[in-house]
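Input: structures, listed below.
Below are two complexes that have chain A in common, paired first with chain B and then with chain C.
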Partner chain A sequence: MNFILDVIIQGLLYSVLAMGVALTFKVLRSADLTVEGSFPLGAVVGAMALIEGFPIPLVLLLAFTAGWLAGIVTSWLQLVLKIQPLLSGILTMSGLYTINLIIAQNRSNLPLFQTTTLFTRPSWVSIDQTRFYHLGLLLVIVLILKLLIDWFLTTKKGMMLSVAGDNPLLVVGLGENLGSYQTLGLSLSNGIIALSGALVVMMTRFYDLSLGFGMLVVALASIVMGDSLLKSTTAKLTTMAIFGSILYRFSVASALALRLHPSGLRLMTVLIFVIALVFQPSHMQSFIKSMKGGWGFATSSKHSKIISFKHTK
Partner chain B sequence: MKQIIKALALITLSFTMLSACVSTSTPNEDEVFTIGVIQFVTHPALDATLEGLIDHLTSENLISRFNIIVQNAQGDPAVAATIAQQFVSDGVDLIYAIATPAAQAAFNATTDTNIPVVINAVTSPVGAGVVVSLESSETNVTGVTNAAPLEPQLALVKEMLPLAQNIGFLFNLGEVNGRVLVEEAQRIAPLLGMNAIVIGVSNISEVAAAMGQLLPQVDAVFNVTDNLVASATAQIVDLALQANKPVFGSDPNLLNLGLVAVDGVDFFALGQQAGVMVIDILLNDTLPTDIPIGKPTDTRLFINEEMAQALGITIPQSLLDRFGQ
Partner chain C sequence: MLHLQNIQKSFHSNTLNELSLFNNFNLCINEGEFVVVVGSNGSGKSSLLNLIDGQLDIDDGKILFMNQDISHLPSFKRRQSISRVYQDPSLGTSPSLTIFENMSLALNKGKPYNLSRCAHVSQRDVIKQYVTLLNLGLEDKLDVSVSWLSGGQRQALSLLMAVCSQPKLLLLDEHTAALDPKSSQHMMKLTQKLVEDFKMTTVMITHQIKDALEYGDRCVMLHEGSIVLDVSDEQKHKLQPKDLLTLFHSLSL
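So, the complex of A and B:
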């Protein structure tokens, strides 16, 4: 029972990351590598703010803002300097490595055991109930965030964001500024990713520079698994991301519980990813294309072949 | 719906397999204790801390009393947290955490439990936040730190090269441990009549250029124990050899890459030290907070004679005597 509870808690914790990445990967249809830098950015901003004793809502807001700014940098590299989307993400990610070190005052590891975080057990919760307390708290946070994203995607701005991903030329045709929607998508996505970093650091109660390593693959694997699991339903992309994240954490926890050889863990992640991708042919294609840079913003002329208006669920 | 049923079936299946794995023991004279090992990453030094622990338990003829489960986080703090959580859920009797992020993950997961944690290869247990002081942790944590004093290591350089004036240090700007060691070196070197000349790099590709700057100014190079420098050891040695300069260091595991001599921490011995603590906690019911954090008791001298000969360094008799012991 505890095994399942732990998996759900971990899954919900990282579902925020998956929802953030889903915004660029599934709505804007581009693989944004900024995540590997914006996730630890949120974590280090969150950690430093906690050490400074800021109230929790302010900590989360600061992390979100930091991620938002990282997204703006990436979109600025793409739109103003006309650097390839994939490369822009890599550049921001690399730059953030140094920024994260500077924020942590040249430390690569920050313990938070002395600070009160969002997940610190209040006195009215007994020790045995800690798991349920964490579960309840995360359910509320994830649900609020999910509903906010769902609502945003139904607003005019959100709709245009989907169009910008599906058919950029249509956005231009409607007399809207394509660049501003791409900037909005990237900054919102990275803001949520950084928020996830701050939540994770509050749960693990220590920050380490290596936190962001491999986060894009983790998030994409979760998204693709969620798709495979719920593809025949009318589930929204946030719902898919949440269930995918839980399923992904279940796979990792099972691999560990079954005492798989340690060196097999990374390979297994990739294997899960590949299997899920194979069951999801349309996304495999879009992923390969985005990796080739074909779906990028700076090369939007390639979209001229797309005529029909296709809207995602 | 089919997918959901499939997923549920999978969950049930693995759950059954899991419960089969976890054995419940009844307390008696021959009680078997389960030790959950979290190793943060695979590395010769970290592997040695585990081998040392097992060696001590074996030599005490107690290995049959312990069921040791080893998990490796593959360098991912999130996985370290999951492993720690699982150990707590499975109700292990003790967690042996190797390297700082593993120690922090174990400490966090054991909050509000009585599960003792023995750490190893953590350079600064106080800095990592898992103990209050080295004398008395005031937490459920005790263990061994690998922080070795730099002074005997620099003294070794002076002993082998009495005429050496300037010692070069390369370090990673992005790693705390490297920076700390270099600052320490700048403080200690003058006491031994030498100057520490330091140069920082942020990437392994900058090593060649940095060495090019460093080598003309120094008589010898000292390899600090930061991960970047450790990874670049072969290259550093190669460049130094071309300039006919010896490279010293503090990690015995890097000796075969061409270091001339190492007076360093023996991680195997650190593992044995932790083994004593494990027995104390599990068999003698000592509380972790009552066991002070162990330090490397003695460093071990290693000399690469082939390399010394190639560089025309004669090994002083005093060192050969120490070597014989």
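So, the complex of A and C:
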């Protein structure tokens, strides 16, 4: 029972990250590597703000703003300096490593065991009920965020953000500035990712500089798993990200329970990612087709990638 | 309404391959005209449209649109009152959104895209009426994702999306070239109907001599960046396919 609860708590905690990454990966359709810098950025900003004794809502707001700014830097590198999207993300990510050190005043980790955080158990909750308290709290936070993102994507501005990923030429065709939508997508996504970093640090009560390492693949694995799980339903993007995140945590926890050495986790994540990606129905069809048609791997895999991105919302 | 004055445009400037396409190019299009542009490959037809809608910048000269100098206005600003349909049917719509959502976005063109709800239920009847104009039965498939539509259906929707916000100028860039003969014919009929219904000034590029003669009230032939034929109204109606073909062949020799 506790095993399942822990899996769901972890899944919900990291689903915020998955929803943030989904905004660039699924809506804008680009892989933004800023994640690995903006996630620990949110965590360190959150940790420092907590140490300073700021109220929780302000802590979360500061983390979100920091991530938003990181997104703006990436989009500025892309749009103003015309650096390739993938490279822009890598540059921001690397730069943030130093920024994160500066914010933490040159410390590579910050313990928060004495600090009151969002997840600190209030006196009316007994120790046995801590898990349920965390679960309830996370459910509320994740649900609010999910509904906000869902709402945003149905507005005119949000719908145009989808168009920017779907058919950039159409954004210009409708008389709108494509660059401003790319900036909006990147900053919103990184804001949510940083928020997730702050939530994680509040839960684990420990900030470490290497917190963001491998987070992109974790988030992508969650998104792709959610996608495969809910493919045939009309589930929204955010719902897929949440369920995918829980499913991912379940796979990880199961692997650990089966005595997988923790150092093997990263490799396992990559395997999960590849398996989930390959077993998407649209991908399978074109894969089988390519097998029948001989060795058309290069073209077929490229093609199927486009299909698998296009048919989901 | 649209004046291109002394346009200069070269490609690959300052290299051995420098190609000066437009030299002192002038073209004036009047309000309400339906201009058909023909010409061989490389004659500058598509570049002309790119210069008008800002995909390409002019090197020198002036573009006046509705008495406004738009020579150096960024593309997306020009496109607020100019619509364009491309040859590739996938360029005019957003495939992962539904027909309803696509139309709702298109109807908002020229107005701000803010945080109000897109594709609101209250728009349903209006959009249904618009889609009925296409005569393809798509009005019953409003909630179907555009990625499921055929090329012909998508292109018809692209055209409708381009015209429904009643832009001042419509640019058609060989918009029937990727369609089969039947869809292509349907598309041309539809184009004529919509252009008349919405009373739009239109510039259409085509490689179909038949379409060039049948549609529009002015025909312009381009060759290596200059106008070699410009006929309108009665003169255009008298034009025979063989006249155009003879001109074509004499130029390419």
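What we mean here is this: the second predicted complex is superposed on the first by the 277 of 313 C-alpha atoms of A that agree within 3 Å, B and C clash if a C-alpha of one lies under 4 Å from a C-alpha of the other, contacts with A are read in each partner's own complex, and residues count from 1 in each chain.
By our rule, a contact is a pair of C-beta atoms (placed from the backbone, for glycine too) under 8 Å apart; a residue touches a chain by one contact, two chains touch by 3 or more.
This is a predicted model, so every value here is computed, not measured.
By the touch criterion defined above, A:172 lies against chain C but remains apart from chain B after alignment on the C-alpha atoms of chain A. Once chain A of one complex is fitted onto chain A of the other, the partner contacts of A:2 are limited to chain B, with no touch recorded for chain C. In the superposition on chain A, A:257 makes contact with chain B only, not with chain C.
Touch criterion not met for A:235: it reaches neither chain B nor chain C. When the two complexes are overlaid on their common chain A, residue A:113 makes contact with chain B while staying clear of chain C. With both complexes placed on chain A, chain A has more residues touched by B than by the other of chain B and chain C. Of the two partner chains, chain C is the only one touched by A:163; chain B is not. In the overlay built on the shared chain, the residue A:155 is in contact with chain C alone; chain B does not reach it. Comparing the two complexes, no residue of chain A contacts chain B in one case and chain C in the other.
Residues 2-4, 6, 10, 14, 97-98, 101, 106-109, 111-114, 121, 127, 130, 200, 203-206, 208-211, 213-214, 218, 228-232, 247, 249-250, 252-254, 256-259, 262-263, 265-266 of chain A are the ones that touch chain B when the two sit in their complex. Across the complex, chain C is touched by residues 152, 154-160, 162-163, 166-167, 169-178, 310-313 of chain A. Considering their complex, residues 74-77, 79-81, 83-84, 86, 90-97, 101, 104-106, 108-110, 112-119, 145, 147, 162 of chain C touch chain A.
For chain B in complex with chain A, the touching residues are 1-4, 7, 11, 14-15, 17-18, 21, 39, 42, 69-72, 74-79, 81-83, 85-86, 89, 100-101, 104-105, 107-108, 112, 127-130, 173-176, 179, 202.
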